[in-house]
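The same chain A turns up in both complexes below, where it pairs with chain B and then with chain C.
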Partner chain A sequence: MAAADTPSAALRRRDLCSRGIRLARKMRSDVADLLDIYVEQQGLDASISVAAVEGVPVAAADRWDEQTGAQRLLDNLAAYRAFRALLAQMLEELREELGSADAALGQALAAVLLQVSAFAYHLEELLQLESRGPPAEEGSGLPAPPHLSLFEQKLRGLGVLRELAQWAVRSVRDLRQLAKHGSGSGPASGPAES
Partner chain B sequence: DSRIQYERVGADVTMKCGSMDWDAAVTWTANGTDIDDSHLNGSYLILKNVDLTRSGQYSCYEGSSWHLKYQTYLKVGVPPKEPVLMCRSNNYPKGFYCSWHLPSPTYIPNSFNISVIHGTREMVCEKDIFPKNRCHIRYLQLFSTVKYKVTLTVTNALGKNSTTLTFDEFAIVKPDPPESVVAKPVPNNPRRLEVAWQNPSSWPDPESFPLKFFLRYRPLILDQWQHVELSDGTSHTITDAYAGKEYIIQVAAKDNDIGTWSDWSVAVHATPWTEEPKHLTTEVQITETTSTSTSSFMPPPTTKICDKGAG
Partner chain C sequence: QNLNCVTHNLRKMVCTWDISSKRRHGQTDFCYTTDGLFLPVCFKTKEKRVEIPVPESSTTVKIITNSISGTAFATREFEIQKKDISFVPLTPRILSLRPDFSTSTLTLKWSDNGSVFPYGLDAFWQIEILRKETMEKVTQVTYYSKLTHEDNILSWNWTSDMPLECTSHYVRIRCYINVTQFVGHKDWSDWSPVEKAPGKDTEPNGSGLFPQDTVVTVGSDVTICCVHEEGRQVQRMSYGAEDYPLIYLSSRSSAIRVLNASASNASGTNIVCRASGDWMDGTVLFVGYAPDIPEDLSCETSNFVTIKCTWKPGRPSGLYGKRGTKYSLLERISGKNVSCEVNEMKKERVCGFQVLGDQRTYSFTLGVSNPVGQTEASLLVDLSQRVHPETPEKLTVSGNSSTSVRLHWFINGNFAEIRLLCQIEISNGHSEQKLHNVSIPGGQFSTYTAQVNTLHPYTKYQFRVRCSAADHFWRWSDWSRTEEHTTLEA
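Our next item is the complex of A and B:
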């Protein structure tokens, strides 16, 4: 029996999943608060549409219900590694742009960055459990951000945070599926086949 | 040929008698009743400032031969106002439905067309046979930040109107109320009530997409509700009920992570357990009533709870 299937591994997975769900739900609530602060401090309109931002992992998933547990974990890990780099970039830009003038936004952003890092580590633990081991991280993170105007930079940040908020909800659902079905695929009731 | 003519309320309507000349002798009827000459201008029928009562069948006959020269069905109505549109997902993540109605009647037939756009995708809205003013859209994608744009266009012979809704996937998630709510007293516990319910049957996968619940309860004699939120499970024991008071209880549901609360469930009533009123009859009393007639033996008094059934 592969390590991932032993009763103790199943128990360990369930424990890691439920802790991961709590982490993701807390992160989601903090990202929602951060979004409010960000929109207000950056002088943006909350209902503004932001086109897909290059380099930002998209949470939207077709056929989400057909994914295997391993796929879910790998997609999540890749996403949160990317968000870790994106938020670090945003934090740096914010400090350059605002200096310490905007401590609240900077602190909120730093707090979410910490949670994203913790969650990524948690996902690596789960992958370790699946005796698959997390994939090596590619390069030193994201390519240098494109040169953007200040407004474009703000929109990009909004796009990053909005996707992160969606990912946090998706991660809760993914971890529930993993806790329910293990690393194999598991038909959840999901959206219709197209 | 059965001709239908649509006219707006308040319009002035002129009808020609087919190909008859203006000065031809004709007779007009409305629903079979002759129309008096005051409404005629030559052979033309003139109806001023028509109202709904003017709807009906109008026929024109040639004066002498009584040949039917023209017939039409006049329908008086109004163009549609902006329709009211609502979209909601009560079976997330399967899909969502949109339903609509007109804020006021038009008195003539209307047709509805709905378009659902998600990013660059046009999605199919499968219309319900009943109710007619509703259709369903299946989610092809989940967790999207791209908004959905739903446009409903209503058209009738007198005009056209439309309304558009734009929303996020999560915003319209609203389960149906919990079902099969049951409340009952807990024996020997005068301040407790046990409440149980079921997930709404329309919610497809409560295990993967768990619901949380909101319970509200109050004694009928008070207006103030008490509330308790329950993050899992489909039952709860109320432990602070007023003894002996009848309670009204309702439950609402919400997805654990997204969307809004359902409407309240059907209300149920229950009264906490109360101790049976004791019919205290002591032995002493029994012996007293009998000793005067027989002997002076006086056994010690003992309380006996008469079983109501033993009469």
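Our next item is the complex of A and C:
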């Protein structure tokens, strides 16, 4: 459990949380734009269903409201570290597949990757504040993806971006909880406005 | 009755006959006399079938049918003329049928059984390709060969209009040997047993769409199939945004046929197959153009260190990334080959090549390829005739007289083997502009000097310089930066 809050720590946390919320909101809208470009550029049907993609952290959490603040931060950090690796992988695949042909998608993806990295760093800062150093990163990111056909690769990318959009929503709610209750656990109140 | 003789090898013939009587009969005495034999050859047989030599002209046959107790009850004589004999080659033997899934090509190998026949006979092979569970005939082809009195292995390729994974393909073959001097009836052999190239729809875990992530030329007709588990039903197959009529191949495979495919976008056209039980799979088809022959291939050197070749790519291929067009520059005299890094989005294409020692003539071939085609363009270049110097740098103007100045400038490059022609532009405020040409021995990464006379005293001038090869002019360098200088008072 974190030490009792000094006024300055509480202030610092609230500041970090509100900045984090703004980051997450911006990321969410950029991911939504990226999804549109991705679907259009990859020639996919926007309504296509994508099975759960291995290696992609799932935003839906059981007993989300009972989580401690620290647990929320740890879950978020693990997720965005995973997304950082997944998006980097997608960018690499895109360059290999399209070369310089689709700069728009590549740039949009790179921009979101930057935001995900920034958000992961921000979460580490928050964890520092909770005098709990962020967990070390495991290995060099994700294991090499299984050999996928191009269509499977396209669907996988879609699955990653859709889940990232869900995480951005969840992160706003998590940070709001953290700002309200600090790193201890606290009842989640009311439906979150995102 | 109905004595019928067939030869498979022009030397021996198999004669068969019927016995009209319903009585039970025992062995048959079979005698034949043929050219050159004084006495008939006789033997007993239980079957109504014997193998005897093919006669040069004719054979007389006597068939005595005996009863069970061995007493003759029917005797019949036949005169077999050469024309009465049929020639039917033996059924060909397929040695192998190999599918190459990457090219959808079947390779058939069979033995021509030539050792049985005299040298030089013409042989015709009818090859039939069958497909689907219903073994529909896809095509029938006649292949010609010459027999050489040896057993040769013949080989034949056939490219399917659909991926071989889609469903099983079957092949059978029969032959006809044109023995012109054989007067009897000549006929095709029997069909060989079918040889099968199994499709993925026969494999327990075989499923997916085929072809997988392939590239075709714009305008192609493409068959794409969807192989799924037993018991599922394909409901829809879409190409891009459009659903296509399904073609049934087997209980585990359906296909669509796209005609005159148009260019796909950079990420390819998705083909999605949806089947019962919420099953879905897909593949991607890239449709592009073969590369055009490069236009305006030109090579020059700016420094006798590297050679820069440029060209216009022609129509974009529509294929990108690892399917994009690859360029390589081969210099035939030295045999050196370099691959060129090219940005598909830029109009101009450039490739660098190191100057090779003191080689002056270069025979370049620019190779261009992408997954649906390749081409090339060639150029023979005498380097000394393709000098396009870099921009002169560090221009300085100095003067210790009222009517002349000295200019100094540096050019990056090794021009030791040529003379340079440099042009000095002299202008002053009164819109008076003069060009002063000087021919200078080239140097190695050196500074050059020239004097300009007949200037007006105490006048502000602007100077700039550009250079080119003196002996074989090719192109001027760009102008240097302008340098200002005022001549001394008189």
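What we mean here is this: the second predicted complex is superposed on the first by the 184 of 194 C-alpha atoms of A that agree within 3 Å, B and C clash if a C-alpha of one lies under 4 Å from a C-alpha of the other, contacts with A are read in each partner's own complex, and residues count from 1 in each chain.
Operating definition for what follows: contacts are C-beta pairs under 8 Å (C-beta built on N, C-alpha and C of every residue); 3 or more make two chains touch, one makes a residue touch a chain.
Treat the numbers as computed from the prediction; the structure is a model and nothing was measured.
On the superposed chain A, the two partners chain B and chain C both fit, without a clash. Looking at the shared chain after the overlay, A:49 reaches both chain B and chain C. When both complexes are overlaid on chain A, the residue A:41 reaches chain C alone and has no touch with chain B.
When both complexes are overlaid on chain A, the residue A:151 reaches chain C alone and has no touch with chain B. In the superposition on chain A, contact of A:103 is made with chain C only, not with chain B. Of note, the Cα-centre angle with chain A at its vertex and chain B and chain C at its ends comes out at 110 degrees, rounded to the nearest 10. In the superposed model, A:95 lies in contact with chain C only, and not with chain B. After overlaying the two complexes on the shared chain, residue contacts for A:64 are found with chain B alone; chain C is out of touch.
Touching more residues of chain A than its counterpart among chain B and chain C is B. When the two complexes are overlaid on their common chain A, residue A:124 makes contact with neither chain B nor chain C.
Closest C-alpha contact of chain B with chain C, superposed model: 13 Å. Residue overlap on chain A between its contacts with chain B in one complex and with chain C in the other: 49.
Chain A contributes residues 25, 28, 49-50, 58-62, 64-65, 159, 162-163, 166-167, 169-170, 172-173, 176-177, 180, 188-192, 194 to its touches with chain B in the complex.
On the chain B side of its complex with chain A, the touching residues are 93-95, 138-147, 170, 204-205, 207-210, 256-258. Those residues of chain C whose C-beta lies close enough to touch chain A in the complex are 208-209, 212-213, 240-241, 264-272, 280-284, 320-322, 324, 343-345. Within the complex formed with chain C, the chain A residues making contact are 41-45, 48-49, 95-103, 149-152, 154-155.
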